[in-house]
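Structures incoming, each one as structure tokens.
One chain, chain A, appears in both complexes that follow, with chain B as partner in the first and chain C in the second.
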Partner chain A sequence: MAESAARSTRIPQPSSPAGWILVGLGAAGFAYLLYAPVLLLESFLRTLGGVFMFATLALAWNIIGGFAGYASFGNVVFFGLGGYTVATLMAKAGWTFWPALVVAGAVGVLFAVLMGLPILRLRGHYFAIATLSVAEGMREIVVNMPSLTGGGAGITIPAVGLEATTSYPGNTGFYYFFLILLLVALAVTWRVSRSRFGYSLRAIHQDEDSAAALGINTTRAKVAAFALSGLLTALTGAIYAFQQVTIYPNRLFSIEFTVLMVVMAVIGGTGTIFGPVVGAVGLQFLSEYLRQNYLELHTVLFGAIIILAVIFLPNGIVESARELRSTKRIRFLDNVKANRL
Partner chain B sequence: MTRRFVILVCCALLLAGACKGSEGEEAGAQGSTLQFGAALSLTGQLSREGILTKDGYEYCKQVVNEEGGVEVGDKTYDLDITYQDDKSTPDVAAQLVDQMNDDNVKFILGPYGSSSTEAASAVVERNGQLMISSAGADDTIYEKGYQNTFGVLSPASEYLATIVKAVSDIAQPKPKTVAILSADDGFSKTAAEGGAAQAEEEGMEVVATEFFAEGSTDVSAQLTKVKPLNPDLILGSVHLEEGVAIIKQSEELGINPAGGFGETVAPPTPDFIETLGPAAEYTLGSSQWTPETEGEDELFGTAEDYAEGFEAAFGDTPEYHNAEATAACLAMILAIEDAGSLEPEAVRESLANLDTESFFGPIKFDENGKNIYKPMQVIQIQDGKPVTVWPSAEGELKWPAPPFDER
Partner chain C sequence: MTTLLETDGLTRRFGGLDAVSDVSVTVEQNSVVGFIGPNGAGKTTFINVVTGFLKPSAGRVVFDGNDVTGNRPWDVARAGVSRTFQIAKPFRDLTVRENVALGSMFGPGNSRSVAASLTDADEVLERVGLSERAEARPGELPIADTKRLELAKALAMKPRLLLLDEVMAGLRPAEIDNSIDLIRSLQKDGLTIVVIEHVMKAILAVSDKVIVLHEGKRLAEGPPKEIASDDRVIEAYLGERYAKRVKEGGDA
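On to the complex of A and B.
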């Protein structure tokens, strides 16, 4: 897994013809995304904003779960904390959105460091369970602090009328917010994957004890990865909270978000740069399509497709596509043949 | 290669997406069809209630079309309703209502539940759509200064207050002390506050107000606190599972108030009676609607006519979720016919001035869009059935309730 992850970062240089085509396509795609609000329906922008949001969440998860191999099942805690930081600062302290967003990011980092120091010592299932319970615990805390957070009744950010501290950006505004954040997350992932830090994380993923023996400060690397993941996730949560206006602890700390970020990263390809984005784009559009066309069966179909995807593409879409290209083989079919299923 | 593939996929998906179309068709109408939209919880936690709401809307559509459709000025339209599933999550409900706006659907029938309604109401306001909520009871939805959201149902603050009014009106002896147990979600809290205010107004003393987390199945800590205070009446501002827990654990802890128990939405549901058996007896509950509700209208007749018609169409006796959904749809149709126009602004005006009787009771909105003019019904569980005891009586109130071990 880690070996393939290392390969996946080999990207054609712009000096080769293929590289130039890629750069051109990328620039065209980017220009299209920037110009999209002029062409597309408002509500479709909202859908796209949601896609970008999940892509960012999956990328953030990928840093700790994909590169470092620490499967966090509690990343939603940063999402919720970011959202609640913005909501309480705007609703209770009368802050405007931008400084609140900065504080939300800082809260994400701080919490990741404080939580990471003890629980990143756990490995495997123990780590997954610990992160899961931190998220659940945080939801309970938010529910039980009604004077600050509004408790189970939720909290409403003043977004319209005279009380609004920052005018509501609307669907187009949030589209750009999420797009910019996604680009930041991509840049961060790119940078991480080619840096010494990224190689440390992959070494930890492969064999933590050996990595330590090689002189990597594993605790520092893991905590840094967790903090980076927490930062991006908290910023996403902060923007999401402002978009929703009224937020509830059950939604902001919903396990559904954690599951989706993990599934998107895994189906797209963990430890790769574009895998989580491909997973998020694919699954979000699939879920939209199913919801619009199969009114009552869509969740069942969605679940079935995820199961099939995991069986057919155990290494994720990005990795499987590369494998198909280089070996002209599909591993699943080989498995079927070998086992005479 | 991989990256090129990725980018191509992204571009294809984006291009495949909806592009801005030409506008110009009349709001909400395609040819001779009048289009309403509803984002409902058809899957997820609230799917049962969501489906009941959908059936209520469907029954409205069926009756309206049987009666010749909707008359707008000199044109007649068939009614059609598009449904989308919000997966029981408010953010999806908001997104769906936004999508409907882009499809030129301006008339929205509310989602199920206060959270989804609250999220949708913000979008409706921004887009200049019009929404009639059928199941968003929380008063806070209507207190944001929104102009385009109306609710046909009695607001949350009435749910517990109604029980207090009924008890104060017909119970002998009248209880002197009340303890209130409430879930901590917005709707339940608002209902609890309304109940406490009403109790004080009626001269009762509220000896305790205790909260627990929404969805709790263990409320023994709160009950233990209340027990030594010996309240005459224990009121629960709850949903089904918490409502069941209060009765079940009171029985276990031997808590027998001199008067009895009252709970907001749990008792009228069949599950409440089934789960609790004899312990459910004598519990009071409040309901938006029962077949004994007073009032009638031209489309659906009386509440009893509605119940018969609905049963003939769907095979089930209607629950109040069905009725409130039909009532929301009815209000929208009456307002459109009154306005004689499909312009949302004109229909909004006529909704604000709507003042009518219906199978659901009076429909009239205050300046916030709440239907505060409709009384709620109070039921009591008698012989395993909910019996309406107030304000119009199907049966007599049995009071006080005997202790659990004598039932």
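On to the complex of A and C.
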């Protein structure tokens, strides 16, 4: 039974020396990341924190968009709600950061359930358009409630001096916040991918009628996936808001965030555990490199590279690498057999 | 014999068309009931209404003494009714074994772990003769195996009532014989089975009772032999002129 369970999951098990080397490298990399703040420049820490943030957003999107196959184009709504919950509670109600963070997570879950129940009935393009509209609508609401949200002029979290409710954690602090959140998102994804819940989401992705006929409560599973995605995204937005100190609706509900999380998950590999992380790391560093070296052209080049990646790696980097490895091995073995080497 | 499934005046309208019209039937415990009828007779719509994929416009569905009219598909499935789809609907990115395991994982009352479900799946695959393809993807299977997989998914749920929507269509005669044997052995194990089929020979061979649907209505009902020689049935299937010719031929 244990053997069949191991075979059924798509997690690479270290069954070969190469596998153990990978695990060792992973552990060494993790140790390095923990120790990094001592070694690296503050500005680079900030960049790394941003990479972790996008990796978490892509992993959160992957739960609803990758596993369940419901491509949300409005996940930024959870990001913005999380950020504004923390900012409003800290600036207007004098809360400290940690309880505000908990409420931000709860707001993400609640909103995902309320929004998911009606719109998760829509499939394909219709779902994408509906989520996009909700996110855009929410931004307008936030802009038009200046007494609570500061409106278009933004809202500032008291971060220094006597008014600060929680002292500002600085670049090192936020680096760790984002690192921990990324690890949580990875652990959640890993758990989901092996669980009955994960199987039900994959079944829904591949054939929703067939899933329902097998006794899967598709409504409940989809709403749960959306809520989990909303929770992680709202927590990310909450930490981001505190890091930025002053936040604006146009930034926190920016469609650019949605596009980036979708593209990172898709290029890395939807429905996989590490795909979204690979996509986020690759695209963030690429974007940074282009910005520094091609100031004028960087968005054009970035866009072109994304288009090429989607055309040539339709299944994502992680899946394509796996296929390449397995086909190479077969060809090599065939060659050995054919030539009796 | 006790009744396992009963429909009472079941009706489903699509706009002005009554796809299923006032159909009242009973399916007895541990029997095999065949549903036949020409294309568009309402057979698949009937299954969709019974299993909750479509809401009925009127009428009731009673399963095992409980009114399940208009229940959601997963609730009907968990109550013990499993079905196959006329056009096979496998989960294309999962292995054959994982496909079947999903039935066991979420089926009636047996909320089983992933590992236990995979073990269950192996037993079901053995039974339908798909063990050797356990690690294949559904897309790699020939049509007969695709149909077997569809059946295996339904069986893994350990249902009390099995609704088979054209599981024999497109099969070769030898494969049809296999399916007939399988249905009989499932009946022996205590299952109640509703078979929808175009293959007359198969229906007549396995059914205890045959129900004929025509233009959404129940046209005839009875033991296979009676149905095979029923004038109205021949007419519905083959047209008035042919029925007349058969009759005249029989007289002469």
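As a convention for this text, the second predicted complex is superposed on the first by the 310 of 341 C-alpha atoms of A that agree within 3 Å, B and C clash if a C-alpha of one lies under 4 Å from a C-alpha of the other, contacts with A are read in each partner's own complex, and residues count from 1 in each chain.
Rule of thumb we're sticking to: a contact is a pair of C-beta atoms (placed from the backbone, for glycine too) under 8 Å apart; a residue touches a chain by one contact, two chains touch by 3 or more.
A quick note: this is a predicted structure, and the numbers were derived from the prediction, not measured.
> Which partner does A:S195 reach: the first (chain B), the second (chain C), both, or neither?
So A:S195 only meets chain C here.
> Have a look at where A:N217 lands relative to chain B and chain C in the superposition and call it first, second, both or neither.
Once the two structures are laid over each other on A, A:N217 reaches chain C alone.
> Quick check on the superposed pair: does A:D207 touch chain B, chain C, both, or neither? Answer first, second, both or neither.
second
> Name the contact category of A:L41: first (chain B only), second (chain C only), both, or neither.
After superposing on A, A:L41 lies in contact with chain B but is clear of chain C.
> Touching A:Q244 in the superposition: chain B (first), chain C (second), both, neither?
Once the two structures are laid over each other on A, A:Q244 reaches chain B alone.
> Contacts for A:F274 in the overlay, against chain B (first) and chain C (second): which applies, first, second, both or neither?
After superposing on A, A:F274 lies in contact with chain B but is clear of chain C.
> Which chain, chain B or chain C, is in touch with more residues of chain A?
Result: the larger residue contact count on chain A belongs to B.
> Touch test for A:G29: chain B only (first), chain C only (second), both, or neither?
It touches chain B, and chain C stays clear.
> Go through the superposed model and pick first if A:V310 touches only chain B, second if only chain C, both, or neither.
Neither partner.
> What residues on chain A does chain C touch that chain B touches too?
In the superposed arrangement, which is not itself an observed complex, chain A uses residues 8 for both chain B and chain C.
> Can you tell me which positions in chain C touch chain A when the two form their complex?
Residues in contact with chain A: 51, 53, 72-74, 77-78, 82-83, 85, 89-95, 97-98, 101-103, 105-108, 111, 113-116, 118-119, 122, 153-154, 157.
> Which residues of chain A touch chain B once you look at their complex with the stated criterion?
8, 11-12, 18, 21-22, 25-26, 28-29, 32-33, 36, 39-44, 46-48, 50, 140, 143-144, 146, 151-154, 156, 159-161, 168, 170-171, 244-246, 248, 250-251, 274, 277-278, 281-282, 285, 291-292, 295-296, 298-299, 318, 321-322, 325
> In their shared complex, at which residues does chain A touch chain C?
That would be residues 1-2, 4-5, 8, 194-196, 199-200, 202-203, 206-207, 209-219 of chain A.
> How about chain B: which of its residues touch chain A in the complex?
For chain B paired with chain A, touching residues are 1-11, 13-14, 17-21, 42-44, 83-85, 87, 89-91, 94-95, 98-102, 115, 118-119, 122, 125-126, 140, 144-145, 183-186, 189, 213-214.
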